[in-house]
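Same chain, two partners: chain A is paired with chain B first, then with chain C.
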Partner chain A sequence: MTTDNAAPGRIDSLEARIDYYPTHEIAGFRLRPGKPFPFGATLVPGGVNFSIFSSHAVSCTLVLFNKGAEEPLAEILFPDSFRIGHVWSIMVFDLDCETIEYGYRMDGPFDPAVGHRFDKSKILLDPYAKAVGGRDVWGKPPNWDNIFPYRGRLVFEDFDWEDDRPLEIPIEDLIIYEMHVRSFTRHTSSGARHPGTFAAMRDKIPYIRELGINCVELMPVYEFDEFENSRRHPDTGEMLYNYWGYSTVNFFAPKAGFAATGRLGMQVDELKTLIKELHQNGIEVILDVVFNHTAEGNERGPTFSFRGIDNKTYYMLTPEGYYYNFSGCGNTLNCNNPIVRSIVIDCLRYWASEYHIDGFRFDLAAILGRDPCGAPLSNPPLLESLAFDPVLGKCKLIAEAWDAGGLYQVGSFPAFGRWAEWNGKYRDDLRCFLKGDAGKVGALSQRIQGSPDLYGWNGRGPTASINFITCHDGFTLYDMFAYNYKHNEANGEHNNDGCNDNESWNCGWEGETDNPGINALRKRLIRNAWAILMVCHGVPMVLMGDEMGRTQYGNNNTYCQDNDLNWLDWGLAAKNADLLRFAQNMIAFRRAHPALRNRYHLSNQDYMGSGYADITWHGERAWSADWSNESRVLAFMLCGRHAKSGTVCDDYIYVAMNSHWETRSFEIPMPAPAGGKWHVAVNTGMPAPEDIFAPGSEPELGDQGHFLVTAYSVVILVARHSGLNTNLVKPEEPGRTKKSKAKRK
Partner chain B sequence: MIIETKVEGANVIATVSGDIDGKTAPQVQSELLAALQAGNRLLVDMNGVSYLSSAGLRMLLLLYRQVASKKGKVVLVSVSEEIRDTMSMTGFINFFTLAETREAGLAALA
Partner chain C sequence: MAFDAKLVMKDTVAMITLSGSLDAASASRFKEVIEQAAGQSPTKLVLLMSDLEFLASAGLRVLIFAKQKMGAKVDIYVVGSQGPVLGTLEMSGFHHSVYIQDTYIG
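After this line comes the complex of A and B, so read on.
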């Protein structure tokens, strides 16, 4: 038994177990049979327990390296007695857990026709590795001849969370901010000490909080390789990367290159510190997870992990042994194979418990509902398991409910009472209405109510609908009103990449212009988008930078751009201060009004005896919405007595939307209740600062009977209900810890 | 790795020089713990430490916890800017009292 206190990597004596002593010696290392569970590499007193499974390998070798070394330190062939079932496990003692890197060689058949592609010449990354070395510093060119490019590392899983845990903010109260960690602070204008990192994002938390955001959704932060398919643009010479990161190398390890301390191997602590501080500020963290494919590509791609460990288990294969490509990225993870299902569940549990992640957004989630041959399942076991998992019991589960194989499940994603969806129909309908298309008011009325046409039939409610107009895929909000067409030449694919159905409108000139009329119209349309998004039932999601008019110069697919096309220019906050102020106040408006955030669909009935239904529909004439095909105007009123299903009292809210090119007069549907007065909260037809008023400071409306809504404008009025006091307009506390309350005034 | 310890009144003063990593952390820990038999107020002068690894940070935190449980105190002195930065980004800094100079450190201990 080892009792040497000075053993490398050991910092405390914890000899409590009687079986943690070496029984064998191989290649100079003292070791013993390991524990099959948990999979991966786990620090144990005096050593490390390694465990890995493969259903089809015939032998397995643990390969140890010193950090960064070209040649292995040791290769330890697992004695057959160390295998139980399909799992090889070994405990190796006296390792310095900070300097060891590990991988495996797997021996087995190479017979692609039956699905096997073993290659024992490759040293493979453990799918359960908790940290990965090899891409420690973003953009540092790798040694392409490295025999072990992505290296498993050991991590301390002892982060001191103190009293933190996931915030569990009700999903209907979230305002989600979709963002890319590197893009957020990489631009020099961010002033960050370590641009483009978790640490720099942490320094910007006050900005996120003051904007009113209570949830950030991080584009992939799993280890990916920015050099995957990297190339130079043939014309410009610009380096093009796998920048967004939708191509996973390892599902358990945070992206080292996103950590300022990645070169020290401390990315785990840095990310956890960021999450802890976000939580202290009442901000949840959702991770964008990419379980539809891996970075190994198809049969022509590299073998660095899954393919070499158990190809037939991990990937969906055609009867001939080729890769199904439902992801559009070369391969498809075999998610409804029971083993792969387990690793997905293990992974999410790990992030929820070890990193205190609040929720997950599943990229191309329709794939998760396909069987191993690719056919859609009516009752996909993986989705069901995730919905009922105890550790994930309070996590938000959000599906991108389509895939690249043509399966489109918006409104029909197997939800098991848990899953929400990126509502692609919301995006499309809102874009069409905003740019003045005819025939959209009917659809708009559904989107305003949280899409009961999509989520009402099976009782899912508005909380199933993640409402968004823009996301990382496609135009930014500014570009949506500055470009009719995509301009993706910078991606080096002759503008053939990216989608063509943008439903955008350049307002009369393609791209940047000095024309003040066009620029004013663009800004008004941006405000309209913010205004409508914030008064819809469902869960609003906004894209990083849309609050300050970020542009990608018409590029609608910036997946490969490590430059100004993606980096947030913080100078825009001053340049477009009026937009930022509008966005901030519009978020504050939503947070001030529970009537906008019901958990259940509106009934269009008066079940509170207030004299008004929870929602009523209007147009230029009160009580008479124009649903005709040529209509481009719609108004609605929310009854404050029906807020949160009638459990709280809110103001009455009246919203008039005019996407017509002419000014329209709207008749206000009723006198303000109980002798009160209507007040103007928002009028996007007015220049700043008359465009929006902070909750509680809205000026009284002069003519209480009618309102002129100028072309392409949105007006929002509020009327206090009798017996209400101004307490109602105080934004709700999103967090629950004492610290978070102390920090927010 | 050079570790010097001395007792000054109620204070234990330790001067550590060299890199503190997975290999040296156990030695630092055991020597500092031994020195703490003489008192529960510890000043660690880290002027000679240019590298503090993840394991080194954890050793310091364990040490801090052990001292705190005896109602003692730990102050780190002359921590390099780079190490301070790393401690900040990884959250460890919140657990420690840091001082620029030995005098300030002693004042913080009192």
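After this line comes the complex of A and C, so read on.
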């Protein structure tokens, strides 16, 4: 119970336990030696256990603040007897967990040549802090003179999850939607009451579900500082931010500025509520995690956490004590140091267990396989530990299998039977084929099968391949077919940032045009991309807004833009309703056909005795694909009897792809297999609504022997078994859907 | 306005009238009243919030405590909450765990 004379920031003990009692008193605070594990600030009966590691500091001081105060409430120097090994730990009683903020001062040598950069004038953020204050409201200019800019806060772990847990949807059944929390609802057209927040995203769950998405991949939601390297555009005066957030301040804390309740300190509750509701709608949550570097930058960057706690442990350093820069962002986290490895594992366990996260996508993951000197390891301990970690046992682990130091590991990332990869070769090959490049048919055939050329040699299946054509890096799908060149002038870097090898095609005019022919072609190419992506083996990933033709006006690197270049304009859903309908039906097609979602690579053989191999290849002539260098057409047929390795029965699926500039006639395998008839599911050469038909409503094809596939078009046919109504498998129902109580009676 | 919490039992319904600011300083008082109510084994818990002016994180913690202390069989009604208090309940998602009503119609 609170007493009237309690000191600010302190309350009397609510509950006492006989084995948790103070043995010391410093600065008026009752204390006892703490427990070294777990690291971080842990609530214990009547107090808080603080524990922090540093192998090179000579002393450590716990600094307590009242929430938002400019000056500390107290500084408690750890007695020598409170240190065990390299860990300082202290239990402080009677703290008001709701109003206290904490940090540390670390004293030790400042000798950059040997890697030490201690500065006891700095108050440091605990790397294990579960919530961080200081950037509570997005875009609110900070006090640059604040002596403690990023403030550790205490978190109660009392969230009412009811019966929720990670969904564990088989990875081959996922359709991943890569998105930025703020961008999704910040635009006024979203109609959100709290635009740009976790709460607003919750309001849009019905849209995600109706689109058919069963997994959202959230661009960074760890605490980052949107004001890191913020600046005004020299010409336009537009404020430029660290918008995407690929620069971590703290790995355990959710981004307060993404929460409508961030100013109230309830960001943890708000994010957990979002995850719980996504799960109730059958939608998994993958976090994009950035363990390759931190926001402290290089030797000219700020010291607010790792650098001041144990620089030599946390960062990869050159023999001269400078920072290796394999991330392209100034520093590189020393991930295969055992201490750093532990924090990464602890962090992911925390998110999996405390936030029920379903999986993780690791930014520039090749860095996680480098040794402390930067050399690639053949058996990286961190990647192995993550692969075999019991808490992460059902989590999806997805690598961006390259880094900014030139290590490119697509197809060779150390997978330990667990890791999937963003398949950069899929992206490049698909883009080239879609725009009509010659010589891509062979590569396309591999991508269609889940890239066995990349993943078959070491026993990895199609599930190792995250198939994508667009992601946050690079053009949107609309811009892929509207721009030949990047237009990044708005970033204020003289158009020098962003990649130059976009493999895009503007269809004859750079940027927006009112030419109906060009616009029709662009939309057809967008449909082609959706169609091919959804019939490939592997795990498809789409970029937020690509379903409705979102444009970034040719900017292929919008990392700093807090404006319409990133914000999703929901008006596009009506403007490009035909595209949205196509995307929705294409996703439904994939979910309806297990033949598209095998866990293991296709064999090109008939092991079911159906009379057809699991996949067969065709061209303008049935059974005879044109693999020549000038070919721009390819067709394939999937045998429904081999769906899910022959464990379920599906339709036969025939896909004809024409990236030639002329119409081509495709001879269709006939008679249609299993005594059925071919039906037209998709023809991107037709205007909406004839371009796609919902599963189960496909019209029968008139000429069962041939199909004219117009220039730059994709046709998908399905053949049903005769004597059966349908073998369609209904799209999965959302898992564990539960009716919300929220209502006004 | 100082925080206050008053418990009244109506048959098996525990009704708690809240007023003022429910924050870190007052949360322990609210928690005490919740425990008193739980001791009566109510079938419903009704929180009358029309005079509650502010709900801080500490107050939300006690609401979560109330839900878990009472158990899944006891429905919780939040009645008359408005303005920032209702907004906080909605933004944090707690409104999904209770019945929100303008006036109590159990």
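In the analysis below, the second predicted complex is superposed on the first by the 708 of 745 C-alpha atoms of A that agree within 3 Å, B and C clash if a C-alpha of one lies under 4 Å from a C-alpha of the other, contacts with A are read in each partner's own complex, and residues count from 1 in each chain.
Criterion: a contact is a pair of C-beta atoms (placed from the backbone, for glycine too) under 8 Å apart; a residue touches a chain by one contact, two chains touch by 3 or more.
From a predicted model like this one, the values you see are computed outputs, not experimental measurements.
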Tell me the contact category for A:D158 with respect to chain B and chain C: first, second, both or neither.
both
Taking the superposition as given, does A:K394 touch the first partner, chain B, the second, chain C, both, or neither?
neither
Quick check for you: in the superposed arrangement, does A:D96 touch first (chain B), second (chain C), both or neither?
both
Applying the touch criterion given at the start, work out whether A:K276 contacts chain B, chain C, both or neither, answering first, second, both or neither.
both
Just checking: does A:K140 make contact with chain B only, chain C only, both, or neither of them? Give me first, second, both or neither.
neither
Let me test your reading of the model: by the given contact rule, A:R232 touches which partner, first (chain B), second (chain C), both or neither?
neither
Would you please give the residues of chain A that touch chain B in one complex and also touch chain C in the other complex?
11, 96, 98-99, 156, 158-160, 194, 197, 199, 202, 259-261, 264-266, 269-270, 272-273, 276
Name, in rising order, each residue of chain A that touches chain B in their complex.
5-12, 96-99, 156, 158-160, 193-194, 197-199, 202, 259-261, 264-266, 269-270, 272-273, 276
Within their complex, chain B touches chain A through residues 21-23, 25-27, 29-30, 53-55, 58-59, 61-62, 85-86, 88-92, 95
Spell out the part of chain A that touches chain C in their complex, as residue ranges.
1-2, 11, 14, 96, 98-99, 156, 158-160, 194, 197, 199, 202, 259-261, 264-266, 269-270, 272-274, 276-277, 740-745
Residue numbers of chain C touching chain A in their complex, please.
23-29, 32, 56-58, 60-61, 64-65, 67-68, 88, 90-102, 105
